[in-house]
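Listed below are the structures to be examined.
In the two complexes that follow, chain A is the common piece, with chain B as its partner first and chain C second.
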Partner chain A sequence: MAIHAARTRRLLTVPALSELTRRSGVVTALLMAVLQVGLVCTLWRAVYATTEVSAGLDVRQAVTYVVLALLVQRIRWGSRLHSRESLWALVRDGRIIYWFLRPLGPRRHYLLKSLGEILYWGTWSLAGYGIALAAGLISPPPDARVAALAAVSLLLGQVIAHQLMLGIDLLCFWTTANTNALRVYSFSSDLLSGAFVPLWFFPGWFLTLNQWLPFQGTINVPVSIYVGRIPAAEALVQLGIQTLWCCLLYAMTSFLWRHAIRRVDVQGG
Partner chain B sequence: MQEDSGPAIHAEELGRSFTVTTRKSGLLGALRSLVRPARESRTVINGVSFRVEPGELVGLLGPNGAGKSTLVKMLTGIVVPSSGAVHVNGRVPHAERGRLAQEIGVVFGQRTQLWWDLPARESLNILRDIYAISESDYRRRLREFDDVLALAEFWNTPVRHLSLGQRVRCDLAAALLHDPRIVFLDEPTIGMDVMVKEQVRDFLRYQATVRGRTVLLTTHDTADIAQLCDRLLLIDHGRVVFDGTLEALRAARDDGVTVRVAFAEPVGHLEIDGAVVVERTELRATLVPAPGVPHGRVVQQVVSRAPVTDLRVEESSVEALIRDVYRGGSPAVARAGA
Partner chain C sequence: MSEISVRAFRRRLQIVRRITGLNLRARLEYRTEFLLAILNGVLWQASVLLFMTVLVTRFSGLAGWSSSEVLFITGFRLLAHALYVCFFLNVTYVPVMIREGRVDAFLARPLPLLTQVLLNSFNVNALGDLCVAATLFGVAASTVPLDWTAPRVCLLVISVAGAVLLEAAIQLLISSAAFRQSETFTLSTWIDELMATFGNYPTVIFPLVLRALFLSVLPIAFIAYLPASVILGEQHRSSMTSILGYAAPAIGLCAFLGARLIWYRSARAYQGNGG
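And then the complex of A and B:
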């Protein structure tokens, strides 16, 4: 047990250790976050300049939504960086074999790497949330119950996002490179999850279609619960849907892992 | 746990085939391949059988594409055999990857297992926790590795800034950190300068002879073979074409020696019983003993024919011996002493 704890703890810190070795990377990430938050605040205040309420939300709720959406999106920022330790780079270089030669196996390696990235980038997002709250850019949750529901929804959303990303990453066992798939996925998930624009501004057919997809569970659902767009009474249904997606995607990625493990043998000499 | 009585590695009629996509050349060919890719089955390993006893240092040799790396991947459990059976330390590698991981160490010379952005020492710390190595063992082993490989000079440098030789030395330490009984090394000295190569050879020799590890080494470097390997396993086109010691390989190639002689005065017609004269000038001759004829008998005859000013018996280079086997110049030899 102690062995597993030490191993887990150590591997969870690897993404942070790697990021912190590059000062320019840290400064760029910080600047980018500040710039993004500043721009979306300016944009959405301009949108609301001539109206007090749009799509049932006032300017404060809208700004809170977009800032939170941005901060939630940045929790998984590590998966978007072209790191030498990303799964596609490991598969392309053949270094993935070492994941198969260690006592903890490739699935656990990936999980701990992904969790480590979430911890590192999530810490930045949490700090950003605290600063945005202190600066009065965003509103706090209306009550503890909503905060708890939003937190659980955020957690489930991260599980969904992890499984989706894993599915895309595992494609590289078949295609060797998955950079195009990653680009398509990043754009689609940003659009469909509500990271770009709150989903209620999209046409009805888009929303109907999106209900059958897992993406809105990653950002739109937890943030909507937080800002009151999804009432607490309805939140439990959304948590149920998120849980269902977690199970379905877990089954899909388990299937892909089983087949990917058999594919590793064809990657080079 | 290593089985005391059993072999360290035992492969029996091991085979592996892959289905590969073949592409035609040219734009039209590329379009055709895109729409309807042609696939064909290729046999990379074909009925390979051998045993490696605990503590042996075996060189796994073969030309490019012979199947060496695939064989190592099968022995380490990454690749599942299409046919045959394999046991490493008494375990079926692909079925018991997790347990076997504690008992084997692997270095693929061209691929590092170290974390690129972190100092090499940090990577070793991570591996210490992955393999659950106690702090005292960890420190002791690091000291031991540092003594031979001089790692402390650069182990606080991020891996991305290390030279190839420095990086491979750290990789060797990483592979042996958990004290594995069996070590697989795939071209560990590739691209190294002569000094570092010597350092690495010293390290491997020490690990095999003093630490008693079983080492299976693939290399194209004949100096590695001559200086390190107790036994050679030559594979070509996925088959074992030779399994034995370097001496057995020489013997199989008719002693593998050449006799060069310089005479004090011109010698007329030179005919030596049991040898072929392959080169001849007025004062010099080069002779190759016939199959089964010891070179000592040829030397005796030569010196009895005329006064000799110089005489050399040269062993064929390892490279030449191996090249002959690949070209089919020497019959496949059963393992010497097996």
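And then the complex of A and C:
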């Protein structure tokens, strides 16, 4: 049990340690985040210069939304980086075979790696949230209840995002090359989750269609609860929908893992 | 031009054509991946377009610029970006090529290093990029009240070429750090996203500090806003905007030549991948 816990702890720290070995990467990530937040705040304030309210959001809510959306998107930043340890790179090199030879199962290994990335990038996002709040760039949540609902929604959103990413990654067991599938997924999820622009600005048919997809649960729902665009009364319904998606996606990824394991195809020599 | 250099140029062109053909055939081996790459290009450009459409339909213009004028800037930038992706995107993959040892192989061949990097693979997503960009620019150009005279068309072509070279120069400078064992892919991806997000607007909407940034260290303003201002006509021109707008193509060319020089100097310092 103690060995198991120690192994889990070590694996959780691997993504953070990998990033921290490149100091230039850390500095770059920090500068990128600061500049990006500053730019989006400026852009949206300029956009709202002659408008008070649009799509149910005033300038304060809109700026808070886009900054929070950026910070939440950054939690999954690790999965977007061109990494030698990504599933598709492992399949391509043939190193995927080691995942099936280790005492730790491939599914658990993937989960711990993903958790490690979320912990590392999530820490940065949390720090960014604190700084943005202290600097007055974004508004605090109206009360503790809304804060708690937004936090739970964010957690469920991260579970959904993890399952979706896992589903796309597992495609490489069938397609071998899935770089463009990953990119298509990244753009689609950014668009449909509200990372590009608050979903509330889109036409009604788009919002209706998006209701049937899991993406808005990753960013739009938690951030909209936080800024008050989704009232607290409606938030519980949204949390229920997010939970349902978590279960459905878990079933889907379990099915894919079982079948992926049967068709491990080592490409490398 | 001497006969030998004409022959050498033709030979070089033939090699480029053959390598490009080979790369395209290699990409076509993975049919689904090929189609997804085109879709990737379409989605990337369409996401920028969608963002702009939402802004101009929900909000009434930006800093005195009408919706059709803002769309013109966007169309111009997307067109320049699509051409950049077609010819120069491979520069951002230099860190990957170094890691895989391909640069070491390139250095042993009798073709210039930058040429081999640019010819390393065929960027299929450029096809999707170009489709969306050309469509959008066509629509945007038809909605603005402009007479497309021969001088204006020439100015457009030269400005687009300058924008392509400037974007290539920025990425060349970033990728030159890869020869000194730095990981630059994240930074070049982020700069690309930054240009896609903020390069489509009139720079005047940003505060002075950011305007200075976009006119100097990160010259996004020279890629679309300034050339578009000059093309669109009098109402958005100050004397400074006119000067900078007309100078943008030359700035793009000089930036590219300078960045290329720095890139090759960094390549000379490359010490190999080891192993």
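What to note about this one:
Following the convention adopted for this analysis, the second predicted complex is superposed on the first by the 264 of 269 C-alpha atoms of A that agree within 3 Å, B and C clash if a C-alpha of one lies under 4 Å from a C-alpha of the other, contacts with A are read in each partner's own complex, and residues count from 1 in each chain.
One rule holds for everything that comes next: contacts are C-beta pairs under 8 Å (C-beta built on N, C-alpha and C of every residue); 3 or more make two chains touch, one makes a residue touch a chain.
Being a predicted model, the structure only gives us computed values, none of them experimental.
In the superposition on chain A, contact of A:94 is made with chain B only, not with chain C. Within the superposed three-chain model, A:208 lies out of touch with both chain B and chain C [touch as defined at top]. Of the two partner chains, chain B is the only one that A:85 touches; chain C does not reach it.
Looking at the shared chain after the overlay, A:18 reaches chain B, while chain C stays out of its contact range. Of the two partner chains placed by superposition, only chain C is touched by A:54; chain B is not. Counting the residues of chain A that each partner touches, chain B and chain C differ, and the larger count belongs to C. Of the two partner chains placed by superposition, only chain B is touched by A:104; chain C is not.
Residues 22, 84 of chain A lie at the contact with chain B in one complex and at the contact with chain C in the other.
Residues 30, 32-33, 36-37, 39-40, 43-44, 47, 50-51, 54-55, 58-60, 62-63, 96, 99, 125, 182-183, 185-187, 190, 194, 197-198, 201, 205-207, 210 of chain C are the ones that touch chain A when the two sit in their complex. Chain B makes touch with chain A in their complex at residues 18, 20, 65, 69-70, 73, 76-80, 97-98, 101-102, 104, 106, 108, 111-113, 115-118, 122, 125-126, 129-132, 158.
Interface residues of chain A facing chain C in the complex, by the touch rule stated above, are 22, 24-25, 28-29, 32, 35-36, 38-40, 42-43, 46-51, 54-55, 81-82, 84, 175-181, 183-184, 187-188, 190-191, 196-197, 201-202. On the chain A side of its complex with chain B, the touching residues are 3, 6-7, 9-11, 14, 17-18, 21-22, 84-85, 93-95, 97-98, 100-105, 262, 264-266, 268-269.
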